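In what follows, structures are represented as structure tokens.
Two complexes, one shared chain (subunit A), two partners (subunit B, subunit C).
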Partner chain A sequence: MKKKEKDYSRREFIHRGARITLGLTVAGTGVLALARSGPGKETVWQIDPFKCTQCGRCADECVMSPSAVKCIHAYDLCGYCDLCSGYFLPGAKLETGAENQLCPTSAIRRQFIEEPYFEYVIDEELCIGCGKCVKGCAAFGNGSLHLQIRHDRCLNCNQCAIATVCPSDAISRVPADTPYLIKGDFISMEEG
Partner chain B sequence: MERNILISVLVILLLLLAGDYNMAQQRFPKPEFESGYEQPDPATPEPRSVELEFFDVIVLLAVLALGAWLALRKRSRKGILWLSVFSLVYFGFYRNGCICSIGAIQNVALSIFDPTYAISFTALAFFLIPLIFALFFGRIFCGTACPLGVIQDLVVIRPVSLPSWVRKTLGFIPVIYLGLAVLFAATGTDFIICRYDPFIGIFRMDGKFLMIFLGITFLLLGMFFARPYCRVFCPYGLILGWMSRFSRWHLTITPSECIQCKLCKDSCPFDAIEIPVEKEYRTPEVSRKHLRRFVLYLALIPVLTLLGGWIGTRSHIFLSRAHPDVALAELMITRPELKADIDNLDIQTFLQSGKSFDQLVEEASVIRGRFRRGGMALGGFIGLALGVFLLNQVVFRTREDYEPHKGDCFSCGRCMEFCPVDKS
Partner chain C sequence: MVTGVLVLAGIVSLGWWLATDPVAGLTTSEPGADNRGENAVPLADIDIGAYTETLGSLESRLEGTWPRFRGENFDNISRSEIPLIESFPAGGPKVMWSLEMGEGYAGAAIYRGAVYVLDYDEGMRADVLRCVSLTDGTEIWRRGYRISLKRNHGMSRTVPAVTEDYVLTIGPRAHVMCVRRETGEFLWGLDVEKEYETEIPMWYTGQCPLIDEGMAIIATGGKALVVALDLETGGVVWETPNEKDWKMSHSSLMPFEFGGVKMYVYSAFGGACGIAAGGDHAGEVLWETTAWNHQVVAPSPVCLPDGKIFLTAGYGAGSMVLQLSKRGDRFDVEVLQEYEPREGLACEQQTPLVFQGHLLGIMPKDAGPLRNELVCVHPDDFTKVVWSSGQTRRFGLGPYMIADNKLFIVDDDATLTIARPGTRRYVELDSYRVLEGQDSWGPLAIADGYLVMRDSKTMVCLDLAAERQ
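Coming up: the complex of A and B.
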């Protein structure tokens, strides 16, 4: 009986020691993680439009289908051109038929505003984030069309599936209170 | 005089820079509309609010507290079942399985090794809270809060019992998985736990073929081999098991005295109930044999750790290929003709980026250096774990009753329901 009691207390002692050690290890890991990274901040994923090279992977690699990446129109930058290189296929007729459009899903709506200006609006239901229009706009236009991760669709995965395959490292975590990186109006920036 | 020159030069430089910038981006000036056209704003829907992220932490805390109460005090299998269904719906189908505690291991690893990465409060809380609960109450998280565990728990139909050596061998896989996950997260390579999360495709009702395929395979397998992911792969379950083994309190099968009816043994689909050890077994001869093996395995631990470290160091080149930068640099060295391949997106993007090849190689070799140290640590860790695992096989424990294995028990409460002993 006496032996059993001694046995029990030894086991209890070992267990308590292990428990305290493990508890301290867990707490230490938490403290270390915080100390090495500063105060915990919520982040979301976003594309830097100046790094993006419109490789087209955003359309395929997102865990969502269709992708959470969509084209965003920074109207401030748009030249409202008649011949929009983000809308028309190179060398196409200036007519709105699908055969003339760059967008594979006809997600860009072209609308006459006044002579000689046209407005281009993205239909978000149709946009698949392939970036073809972005490439066209950046090549010959102002670069007002650009890709962004839409946070109403993005699941904010722990590791963005597109970020791991992005060839230009354009996708990174940004603070959740500034969730978009929209290209600004460069003229007003200069004046300001 | 000089100051004026300096200022005017600076102004000219600034103007030049600004002009250049402007030229590069704004080829066509913004029109001045006369028809009263109003320019729309680009739509920017807000992400899920930070308060709601914090709310998830509160839900986790509440579920764990309620789960601990149901398992240890109320002893209600039904309560645990309903609570677990709630967790499956909330953390699984509503929150789409992200963030989860299993994946949070990687956030913690990355934040420790990458000073530019700041861990989010939610990820840290999801990592720490279930571990602390396990230290006090056992693996309550597995039984009630983890959506991955619950979805498998609900499909257990006809669990088969595997031989102990098969279970124990399979149970070693999480050690390797955990080590690899930490290595890949710490080197900024990938989050493999998230990439190969089998059930996230089911929670989202969407996903790549591999995800859905893995999920359905695990669920089908789980009908017969209960909770296959938890028992054979889950790296977080491994850490929880370490904690739970030494937990302060733990779910008990009987509310009072065990009558050795063995009913609970058949109720546990996870083979987590240990049978009593017969007193006659512990003869002096057996004790001596155990002691001999104990000393042998104890001496083996440093050998295994060193051996593992050596193997890990040797395999660092292979491991480092998982990093995209290393893979790209190596590809461009071994197959320089690919630089002309316009279909190779990675190489073409790199060539257009303006970064020099030497810079890439330099970066890749820094990453490979990290893998060298990381590989050594990984191998050492696996060797150490193997040593402790072997040692654990010869530690003699006396048991008079049927008891849950504190490390393996998920606190699902099935055995409590089967126990015929009254509370009195």
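Coming up: the complex of A and C.
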């Protein structure tokens, strides 16, 4: 019996296989890239302020130095108090001297507005994300100070170095089109 | 050659080191950077008692009273024998009436079917003493004065003192007003801030006025520490000199009799003291200590029969136990215990209860694992927690009281909880969210089975009498 002749040569077979494999790879990569860049699909790391326990690790564990975690002030929740437990050390004189301030880098600026109100503004260049002010504010104030990952500084690592050590599991990925969890604007993801 | 290069490099390095200021880029944080005191407004003249309105009349057969802050015996325990419910009916307790209030925490006093509360009328911009029917909420009369206040964690936060003939109030900026109880007729007023150069505490006055033996007793701070005024005329009966320049706190004066001597115990900014309440030495300082000195003191002193005085405060202050003793005519005071909030009973805003010698109170947020839990501590050692409400039962800054051998506790969100007071364990009976608001911190008042409570903007009266359900 006569053996059926091949339609293409061995060389042509290898070429054709390589082209198909390459094509599939490119197409697959493209599809994956499109899928990841689609609207609302991209994610970034963020802190749920209702789960955060202000342990201080955000200042130390972030790959950025200083940390990409900064204190955020939700002004609509603030009482604008003279005695701000997020600004002053417990029992300190209510004066702006460094010895009275809770913040180790003087990153909170306090300004008298009118009797009896004082405004507190965060200087993000100085803030190291230690959360001491947040702890003080949460203990006796309205909780208007809270920590957030600032995305103009965050590298959005595949695995966030802070998230791996966060004792309250407060850091997770959120949609990139809603990258901040500002108090007053949302309820805890756990509750929601 | 090498030596020369090294020497030259050393000279250059030294010059650079001397010329460079390593802290040139730093700024110092110094006092005064906040411009405190700019735009200070001079005190306005307040025409105390000028505003009045008669809106109805009251005929009531009710006899029950809750005549002041912490009730008849200053212990927040009702002696009424009317049985109260121990669980809520489906749909919650019966609400007798609801009254819109200015934002704040002012609590009510109750006297024979009438409720008295010093509200802040935000529309009229006035401190207004409102007399309201206990059973239906009808307003009987109003008496007050116009004063422009800014929101500072609410405005109102005091409870009137009421007797058969008088109602005595103190407003957010320490304006004292005395009126006839039944009619609201204005008798006299006192601008404490002006007369005594008093520094009003942060977040306004929290001290509740005291009526005792026909006198209004007010801890003014400023030019006098405590003053006694004739209740009918407002004339000064005695003044306690304020030699140490102690300031007015949010704490209220607590009458206390020890060693056969009656005194008023005060936890001020600056220290704690006992002021003679009567006799030839009325108004004199019997004892004082500066060991207790904190910026914010809201709870009142808890005075125990054996001469122990429990002092507590928030913002990290913790607590202190004083031991009072008497030798001849002289009183001595020593510090028995002093500890941080996480080490024992401490309270930020409300004053603890005494139940069978034990102290009951809600722990502050900085109390570690016990934060916001209701705890009961041992009479001999207030750091020894006998029981707590547990990690799954935390409360807030709201009030708590005992009536008909039941604990009534209000959470921040106006959830009313009924529990069984005891010295062995926490036993919760029921709870129900009464109001939709927040910051339900105003002290409770109960009389004739009617409980008056509030959130920051609404006051309600609940019928808790078991026989009326």
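As a convention for this text, the second predicted complex is superposed on the first by the 144 of 192 C-alpha atoms of A that agree within 3 Å, B and C clash if a C-alpha of one lies under 4 Å from a C-alpha of the other, contacts with A are read in each partner's own complex, and residues count from 1 in each chain.
One rule holds for everything that comes next: a residue touches a chain if its C-beta (ideal position, glycine included) is under 8 Å from a C-beta of that chain, and two chains touch if they have at least 3 such contacts.
Source: prediction; values computed, not measured.
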Practice item. Figure out whether A:Ser168 sits in contact with subunit B (first) or subunit C (second), or with both, or with neither. Key: first
Study note, to complete from the structure: The answer to whether subunit B or subunit C touches more of subunit A is B
Practice item. Please indicate which partner A:Gly79 is in contact with in the superposed arrangement: first for subunit B, second for subunit C, both, or neither. Key: both
Review point. Touch check for A:Tyr117: first (subunit B), second (subunit C), both, or neither?
Key: both
Review point. Counting only touches as set out at the top, which of subunit B and subunit C does A:His15 meet: first, second, both, neither?
Key: first
Exercise for review: Look at A:Phe140 in the shared chain and tell me whether it touches subunit B only, subunit C only, both, or neither; answer first, second, both or neither.
Suggested key: both
Exercise for review: Residue by residue on subunit A, keep only those touching subunit B in one complex and subunit C in the other, then list them.
Suggested key: 79, 81, 114, 117, 140
Review point. Can you name the residues of subunit C that touch subunit A in the complex?
Key: 27-41, 150, 152-153, 202-203, 294-296, 314-317, 348, 364-366
Point to revise | Footprint of subunit B on subunit A - complex, ascending | key: 7, 15, 18-19, 22-23, 26-27, 29-30, 32-34, 36-44, 53, 55, 57, 63-65, 72-81, 113-114, 117, 119, 121, 124, 140-143, 148, 150-152, 154-159, 161, 164-165, 167-168, 173, 176-177, 179-180, 182-183, 185-187, 190
Review point. Which residues of subunit B touch subunit A in the complex?
Key: 18, 21-22, 25-31, 33-35, 37, 39-48, 50, 53, 96, 98-100, 103-104, 106-108, 111-115, 117-124, 127-128, 131-132, 135, 190-191, 194-195, 200, 204, 206-208, 211, 242-243, 245-248, 324, 345-346, 348-350, 352-353, 398
Exercise for review: Can you check the complex and tell me which residues of subunit A touch subunit C?
Suggested key: 79, 81-83, 85, 90-91, 93-98, 101, 106, 109-112, 114-118, 138-140
